[in-house]
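First chain A sits with chain B, and in the next complex the same chain sits with chain C.
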Partner chain A sequence: MSVKIEASHDGIPHNKVMVIGAVISLVSLYIAIIGTTLGVDYLAFFGGIAAIGALIWGNSTIKKLCSYGIGTGVPSAGMLAFGSGVIALLFASTLSGISIWIVPVAALILGLVVGLFLGWISNSVLNMKIPVMTRSLAELAAVGSLALMGLGAVATGFVGFMDIATFDLLGVTVYNASYLGAGIIAVSFMLGAIALQHPFNACLGPGEKQDRTNMLAIECGFLSMIVMAVISFAFVSLIAAWISLVVAVIGWAVSYVKYVALSKRDAASWLDAKPFSDSEE
Partner chain B sequence: MSAIAAKPGANAGAFQPVPSVIAIVLAIILVVVAYFLGSAGILAGGAMPVLQTLCLIILGAALIAFGVHFVPVGGAPAAMGQAPGIATGVAMLATGAGLAGLFGGAWAAELGLGVALASGAIGGALMMAITCLMVNISYVFGMGIPAASGKVLKDPITGDLQAAYKSQGTEGHGLPFISYVGGVIGGLFGGLGGTLIYIELLNFYNVGLPALGFVGAEGINMLAVGLAGIFAIGMFLVIAVLSAYNITGTIEGPHDPKFKRFPRAIVAAILASAVCGLVAMLVVALF
Partner chain C sequence: MQEIIIGIGVTALAGALAAIAGAAEDTESNIGSQGDPNSQVQLAPQMGYTHRIYNKAVSGEPPAYTLWVTLACGVAWAFLMLGVNAILAIVFGTVLATFVQGVYATTAYLGRTASLSKFGQPVFIDVIKSVTTVTMAHAFVAIITTVTVCYLMMTVIGHPFALPLLGIVWGLALGAAGSATGNPYYGKERQYQNQKFGAGVPISASGNIVRYAEAGQRSSIDNGFFTAKFGGPASGLCFGLIVFFELWRTILFEDYLAGWGAVIAGAVIIIIFMIIDRYVEVWGRKNYGPYTVEASA
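Right after this comes the complex of A and B.
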């Protein structure tokens, strides 16, 4: 149950990745919030950068957690992260009634608190006895909450509860077409959860390299951001949505090319199978 | 941490009395906190409705945790025909069954609590029944293997002998009748629990959102539906994954020795849902 198998231990230590990811995420969220307080929404794409920062952090945590055999597969960790993260996120977003500036930090702290409960339950009540379990689940809940907030900021340009729960339709405030009311948060939930659990699940094994897994995490983050940027055409101004979309597509293309290059580097051999070959016979 | 020191002990499946008592006490404290938040007017609707909402959320979570243990989860070995069960993880299966039930129940939410709960339970059970049938069709006609359990000599329901059909070197394969029945029961409980959480949160938000100042516009019910839906999905995933951690991978169904671990998962679900439920209810708190 708790036998550690060796994941790669090359490269940057986990604590450093965690700090880098959290700082990228929080700073990007604050830049997006500065945009909304200034009344401009073309800084919304920084939400996607925030989600990617959180995903890099969460990816490193998942690598640490899943190097112990948890028996349920890597995807379960991603689902748990976003399941607890969405609860922390929505409560944190209601704190925008007090001040918009505390929302990202509140999401981080609330995620850690909810995750600490779940980690303690797994380790003590369920007797998992994995040394990093409590800390990992706390981190994952915070990651889920920050990544969801980032994806939501891309789609709507806002992080506050009132702003994501209402939608201004030709001067009339409606609820059923908003980010929450129309259920778009469920889309970002799944996009984020898959982007969180996929990289390590795809790269794990004896040949796993940290830079390749991280590049895949970045690629998955931009891929999720593309979808949220398309959705954002309904919520933010046209120019802001185009900025988000172009940033996401360029980021995805660059990270995809880099990921393929890293995969070729780590592969024993490489055969281009040419799926669309012109041979007819 | 060395691998040797962290080897699983013989009591990996044992009930943990002290942490369980602490967990229950913590859950009771959270329920009491919710009661006082309700009576202080911070949570809309008064003390008793708040108490009822949180208690029924906890009941729904306990039902989910219990139901997950019925579902025959095979994991990767089942995909190779070396273990009985459906060839994917607990989290995916329970989510599929539970969300199918939740959507069924959400559709029927306006027809009253009883109809909604029944359609949620039937939705989950139907989803699992179809999954189990298709899994057996692909096992029997696609992979050419009979259904046989490795954990029991005779099927507890039909009395069919299992050992004669079990291939050497495997733990059984396919979905024997008892696993099929377990899957349907698991879907039933999962759908019921998920729908209960959803309906309770929906009713709570329908009261709480107008108190928060969301008035005068169309579609306030849609906002409550969206909020309750995403919270029910989130809580469902948390409970399902915690139950999956309890099972640690694969289970054949109610006849599996691992099934006896379910009290732990219920205790875990009670505390986890008390925490998540209270935070979810605080979303409409009046600060």
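Right after this comes the complex of A and C.
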């Protein structure tokens, strides 16, 4: 049983952030799918935007969950989100056999189901009794599943299971050089998990501000997208990979500069090669 | 026979690379103040001790190093698929991972320090410029050696795992080795060097970490200078032995009992180390004993 400590006074309420994040994520994933159904892969970079939407949502959830005094547990929340999200993602992507259009929504719903089950275990079986635990774990699993799907879309251009489990190498279908078979999903997993926990973990403290934390979430999303865009050179066409990389680098640079400006706004003072003045001296 | 000789050679090389990786990893995390000693760096301004120590609160070392090594492995794999030479591919992957590490380090320092504005902790731009680059350099060494170990396992020894999966396993092991072996030296010895030796860390000393140098105020580059003498090499020895024994037992005993030979050898190694650890612990306690107040006091 824990006591709630308010992390910071939020300008935008959590439910609104959640809806905004989920809508950005789903709409971007559908735009990426429209690209694949048209047979072009240069819309793959929308997967990165989907991951960013999910990260903004998840960041707000982590902030809410961690206001119950689990400060050192912030990084583990990221791992948990993606660990449960990967189950939902793999199951949802197999549903592409029925229709590719149900995959993103299925990832969201299956993520919520997996998370609800884990939340029930932690609150009722492990007796943690943290009031927001069940809801937060459900949200985090959905966030993990959407962000993984987005990062996967950047790398391969696809969200369907057969497309991420096989790779066409000179006309021969191989499994061990695919997104799943070569373990690139492990890179997505770690990129997403650290990007999800980093914004709140890095801005932790009494002076935490929502706009600065959200800007860091966007920065982390674009940074992850840069890496996936570089890896995508092995999977998608040259033009598509370059578009993803340029979008990611520009997005990262803009959000990084804005984040530094917001940090300067919130910092007590901004010193260059000057000593601190000690109150005890 | 030839396979075993090549295997033993790779084992020795991988062990040596891992020793370098462990030493660089621990030094990097101490310069950036990552891992558990970070809590004191975070606490110090709240107790009234303003400082110039870096606050690299990315996450614990194991998850952070899992990310750096895994993404370096993933990018290296992508470049290998594009037909790039293996050494260049590993270098490209490591450069990108080091860039990501540097970005995460600066955002963590800026974020944590800005959130401590209530306590008057300033952001030091010169600390960002000087310390971040030093941690990135150490991270580069730690990542490139670990990725090379993973690559050797995949290609020469024929490990069934894909390169990024090996990256997850060995990145996690590297972070854990540095965190478990090196951090006590930084957290208990260095941060509290200004306390009476052997006194432990009393609650009243919380946050009162070493902030001054022989002349002027310290930045955390000096922490690397201090811990590179003992904490770093100890972490290197730890991670080097982990990689060495892991490969050694697999190469020599894999053919016995349908693969169970390697598992049994691993269990025997663990038991031998447990006996050694117990002996060292008892020896240390007998010789140095618990802290006692001096009789005259």
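The rule we apply is simple: the second predicted complex is superposed on the first by the 269 of 281 C-alpha atoms of A that agree within 3 Å, B and C clash if a C-alpha of one lies under 4 Å from a C-alpha of the other, contacts with A are read in each partner's own complex, and residues count from 1 in each chain.
Following the convention adopted for this analysis, a residue touches a chain if its C-beta (ideal position, glycine included) is under 8 Å from a C-beta of that chain, and two chains touch if they have at least 3 such contacts.
This is a predicted model, so every value here is computed, not measured.
Applying the stated contact rule after C-alpha superposition, one finds that A:Ala261 touches neither chain B nor chain C.
In the superposed model, A:Ile98 lies in contact with chain B only, and not with chain C.
In the superposed pair of complexes, A:Pro206 makes contact with chain C only, with no contact to chain B. In the superposition on chain A, contact is made by A:Phe82 with chain B only, not with chain C. Shared-chain residue A:Ile12: touches no atom of chain B or chain C.
In the superposed model, A:His198 makes contact with chain C only, not with chain B. Look at A:Val187: by the touch rule set out above, it reaches chain C but stays clear of chain B.
Contact with chain B, but none with chain C, is seen for A:Ala165 once the two complexes are overlaid on the shared chain. Using the contact criterion defined above for the overlaid structures, shared-chain residue A:Ser269 touches chain C, although it does not reach chain B. Common to the chain B and chain C contact sets on chain A are residues 75, 79, 176-177, 181-183, 186. Across the complex, chain C is touched by residues 74-75, 78-79, 176-177, 181-184, 186-187, 190-191, 193-194, 197-199, 201-208, 212-213, 216, 219-220, 223, 226-227, 230-234, 256, 259-260, 262-264, 266-280 of chain A. Those residues of chain C whose C-beta lies close enough to touch chain A in the complex are 42, 48, 50-52, 57-60, 63-64, 66-67, 70-71, 73-75, 77-79, 81-82, 96, 100, 103-104, 107-108, 110-126, 161-165, 167-168, 216-217. Chain A contributes residues 1-5, 68, 70-73, 75-77, 79-80, 82-88, 90-91, 94, 97-98, 110, 114, 117-118, 121-122, 124-131, 161, 165, 172-178, 180-183, 185-186, 189 to its touches with chain B in the complex. The touching residues of chain B, counted against chain A in their complex, run 1-3, 6-9, 11-14, 16, 19-20, 22-23, 75, 89-92, 95, 214, 217-220, 222-223, 225-227, 229-231, 233-238, 240-242, 244-249, 264-265, 267-268, 271-272, 275-276, 279-280, 282-285, 287.
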